[in-house]
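Pasting in a structure now, in structure tokens, and then I'll have a few things to ask.
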Amino acid sequence: MVDATLRRARGRIAWSQLVLGAAGFAAFVAAWWLLVHFAVWRFSKLPDPFSVLREWTSRKPEYGISLFAPTYYQDIWASTVRVTIAFLLATALGVPLGILLGWNRIAREFLFPLIELIRPIPPLAWVPLAILMLSGQQEAMIFLTWIAAFFATVLNTMLGVTSIDESYLRAAYCLGSRRWDVLWNVVVPGSLPFIFTGLQIGMGVAWFSLVAGEMIAGEAGLGYLILNSYMELQTTTIVIGMVTLGLVGFLSSALVRWTGRRLMTWQSH
Amino acid sequence: MVETLLSARAGRLEVRDVAKAFETAAGATLVVDRCSFTLEPNMLTVMVGPSGCGKTTLINLIAGYERPTSGEIVLDGRAVSAAGADRLVVFQETALFPWMTVLDNVAFGPLSRGNGTRSGVLLRARSLLDEVGLTGFADRYPNQLSGGMQRRAELARAILNEPAVMLMDEPFRGLDAMTRELMQEHYLRLFEQRLGTNLFVTSELGEALFLGDRLLVMTRKPTQVKRVIEIDLPRPREFHMLTSERFREIYEEALAALYDEGAKSLSQSG
Amino acid sequence: MAVALKPDRVAQRAGAISLRAVRKVYDPGRLDVVAVDGWTLDVASGEFLAVVGPSGCGKTTLLNGIAGFDPITGGEILLDGETIASPGGSARPSADRVVVFQNGALFPWKTVVENVAYGPIVQRRLSRPLALDEARSLLQRVGLGEVADAYPSRLSSGVQRRVEMVRALINDPKVLLLDEPFRALDAIAKSVMHEELLKLYDATKKTIFFITHDLDEAILLADRVVVSTTRPARVKHILAIDLPRPRSYRMMASAAFLDLKRSVADAVHEEAEKAFRRGERELA
Amino acid sequence: MNVEAAPSPAGLRARNRTRPVPGREVASAAALRGSAGIATFLALWQLGVVLHLPLLAKIPTPADVAAAWLSLLRDPRYYLDWLVSFRRVFGGFVIAQALGIPLGLLMGWKAAFRSLTFPVFEVLRPIPPLAWVPLSILFWPTPESSITFVIFLGAFFTVLINTLAGVRAIDERYVRAAISLGATPAIVFRRIILPGALPSIFTGMAVGMGITWSVLVAAEIIAGRSGLGYLTWEAYVAGSFPTIVVGMISIGLAGYLSSALVRIVAARAMPWSKRF
């Protein structure tokens, strides 16, 4: 009897959450539609949700971009390739550097002030310099995306290493470890949770910077698609681009989270 | 003399046949089952039991933070239905609000209820802080105090609120054994001066016997009262009684009952 | 855990620690915090020695000196007649002297059996499968076979401590250094752990250096109890515990136990109060 | 590490430090190494440009940059750019706080409201703020208001999520203790929920402040006519390369100063907290 009552109570909570969530979302879409439809203030300048949906799922899209248009996927692909390369480079360079900085005090004292000096410059302020330094647009955009993710990765990895509980290191030494054993068996796994926090933040800022880069200097990609549609006043396509960006951004973060969870099954949650 | 002073004060709390079940991923688990006992006014009842046996759940039920699945809890003839200022919990670790000074913490209860003028409440709070030896720390934040000092501030906050029932949920847990002994003495002095209805939950048998008038030994989960032992050591209690022959006898008796449960509960959770 | 771990080596009688006027000063020349002062003490091979003192008194500093985590400022520490720490050359942590830590230090990212196998792998350079086999069979012998493949976070703190003892003992250390290992446990789990440790000690007769601020625990477990003063830690009183072995928790209610306790309780209480008052003075 | 006893400043350091407390000499050695690191970087930069290493061929030398900065310091327009950028950032930032904090508190405090609104924010949140630029230009009447809007978006979700998380992370014990002490729901909100969430709110502010500067630069490049971001872009278009680096450094400096301001406010607002 007790169990049944409790189960019912819990079921109610989950169900009502779902209903409320759906209601909230419906209200959002409805408000959007109403504001556009009745041309409240300047809302007439925006597309309404249903025309966006229609365009997105149309076999013959008015402005050439929909789920059935190959160019749509070309843009997604262009952005994804850039983010992937930049993210992998940031991880490959940032994690070892972060471990070095956390693990070796001398290296930290040499390099950390320099990093702290450069870090406050927002990644997007690098745009002009990136174009100057790197000959191709592709390289410049990857550089921009990379620099954002790189700092997040380095700093979080370093933080991870320095926050490892001293007693793990001590335990490892008094079980007979050499320095190298400690690095592989304690430092790397011990800082993994922080490394993945860094990678998640890195993935977020990578997309953030890429969009700006593509808008400023791109020739393809989702950021370029959005700006180009703006130039040609194709507002539904702008919204399609935005939604797509949200989706791929969400999926890539989920991928990082999933990988992290697979690697850290030992965490209790 | 003490009797006449305090006989008017109520605070008789009865736990009648209470059960409590929780829903977990694996299904419902029964944490408290058919549990009955009475907390008498002006008596310090101590409760010991294996860890995780459901003592904290009992405290939450009495405090009114949670409702029993069956049975009832009655305070001075009225059934307890929600949390209220007549029953006060002193939590494990501490629940001093970190963002308020010690003085604001101590005065929080009466000020929240609009009980007396602000200056009057602050005056009483200050004198209580003097009494627990925290003169000069009134304007500090809790994290600027040591663990032992935080516990004393928390005792002062509880006492100023004048609850009918004080519920101490392993309040000295996390303190080292030595600081803990000093805190026990502090708490004893405060109780012996004021009395009232006190329930003190602990897993430390020595602490329980040093403080209490009556010991409830609880079974493992689902918990109920396994043994009631009257602790007939004289008051005021002194540190030296811990090595007296009478203490030893009671200790032996309680230890047997408790260890039995503890060993069972450990092998159970394995 | 009644099984003898490598009984053949019990006879070797190694693991005698000598402290000679050991002193430790933090931040010399500036704050000059004297943590440990003038410790001269011999711990016999196979002895169970407990040090009781208030928190922050310097006990852990002393243990860190023996373990080799921290250099000492004065005196010397010898293990079986060889100097392992002095102001000139500080000890390196070694598998001779394994520490079991206050809050536990099982690697959370390794399973129980991987934790136990870690010492043999890094120290004896045993191959991974061999080390895992050895660890697994040892865990089985001490009744922890069931949890061998669990991660530490899934275990109760009592079981975690037992695993940590096994991880220490598989390396056959000369000395076990226990830094308030049961502090985070509640009273009942603690008394179960006491019995486990007593059995383990009876089976292996390792030298044990145990620090705590719980007098009951120290008397129940040790051959000798050293009462330390509050900071700086000095030897205040040494009490020989003549309770017979094997011991059990029931002895805590015996008259002999209470007699022993009575004889040092005042000394311990006095230091506790001193430490407490000093703490408040320093905060004020 | 011990957690229990009364830690004196000296005692705390003595016990918590596992290695000997670093003395003055050690600290100055660290400062020396740090300066050496920065000096090496500058030297390599200068050398790389002079030697025409790949990548660095078109890059100005540190000396050029310093010269450009000095001449810019005499130009009143430079200060105007600072002012304009600061105004935009703080405009968007303040609006984001004004909306995000109350909304986050409400979402944390009332479960039903959270269920209602959370999904919408979760859908909007992953869209990078800059993707909003075109719609924003179309929608808002003036370029200034559209830049402010994008900056607002950059900080808004961060502060909202942090406020919400802050409320949710408040230990149940505090709420229970307050109720047992006789507090009404209004008092619980004002004296427990609000201060309890503050540390997290300020964390959100600090992160949000970083994002706003990043957004600002891009927004000024895409849609601006003034400000530090525009200064940098204009320098690029005009081919005065040293000024690009001056612009970058100025933006970095401005971002650093704004974050420092958030930290100062946080320390003032939370005297009990050691975190800021």
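Letters are used for the chains, namely A, B, C and D, taken in the order the chains are written, and counting of residues starts over at 1 for each.
The definition used in the following text is that contacts are C-beta pairs under 8 Å (C-beta built on N, C-alpha and C of every residue); 3 or more make two chains touch, one makes a residue touch a chain.
Fair warning: this is a prediction, and the values are worked out from it, not measured in the lab.
Undergrad: Using the contact definition given at the top, which chains are in touch with both chain A and chain B?
TA: C, D
Undergrad: Need the most distant chain from chain B, centre defined as the mean of C-alpha atoms.
TA: A
Undergrad: For the interfaces B-C and A-D, which has the higher count of C-beta pairs in contact?
TA: Between A-D and B-C, contacts are more numerous in A-D.
Undergrad: Determine the centre-to-centre distance between chain B and chain C, using the mean Cα coordinates as centres, and give it in whole Å.
TA: 33
Undergrad: With chain centres taken as the means of their Cα atoms, state the distance from chain A to chain D in Å.
TA: 18
Undergrad: Between chain A and chain C, what's the gap in Å when you average each chain's C-alpha atoms?
TA: Each chain reduced to its C-alpha mean, chain A and chain C end up 47 Å apart.
Undergrad: Chain D: which residues touch two or more other chains?
TA: Chain D, residues with two or more chain partners: 1, 4-7, 18.
Undergrad: Chain B: which residues touch two or more other chains?
TA: If we look for residues of chain B contacting two or more partner chains, we find 145-146, 148-149, 176, 179.
Undergrad: Can you tell me which residues of chain C touch two or more of the remaining chains?
TA: Residues 54-55, 69, 102, 275-276, 279-280, 283 of chain C touch two or more partner chains.
Undergrad: For chain A, which residues count as touching chain C in their complex?
TA: 165, 167-168, 170-178, 181, 185-186, 189-190, 192, 264-268
Undergrad: Within their complex, state which residues of chain C touch chain A.
TA: 67-69, 92-95, 97-99, 101-103, 105, 107-111, 118-119, 122-124, 151-154, 167-168, 171
Undergrad: Contact residues on chain C for chain B in the complex?
TA: 54-55, 146, 156, 158-159, 183, 186-189, 191-192, 212-217, 249-250, 252-255, 258-259, 261-262, 265, 268-269, 271-273, 275-276, 279-280, 283-284
Undergrad: Quick check: in the complex, which residue numbers of chain B touch chain C?
TA: Spelled out, the residues of chain B in touch with chain C are 50-51, 133, 136-137, 144-146, 148-149, 173, 176-179, 181-182, 202-206, 239, 242-243, 245, 248, 251-252, 255, 258-259, 261-263, 265-266, 269-270.
Undergrad: Quick one: which bits of chain D touch chain A in the complex? Just the residue numbers, please.
TA: 1, 18, 29-30, 33-38, 41, 55-56, 58-59, 112, 115-120, 123-135, 137-141, 210-211, 213-218, 221-222, 229, 232-233, 235-236, 241, 244-245, 247-249, 251-253, 255-256, 259
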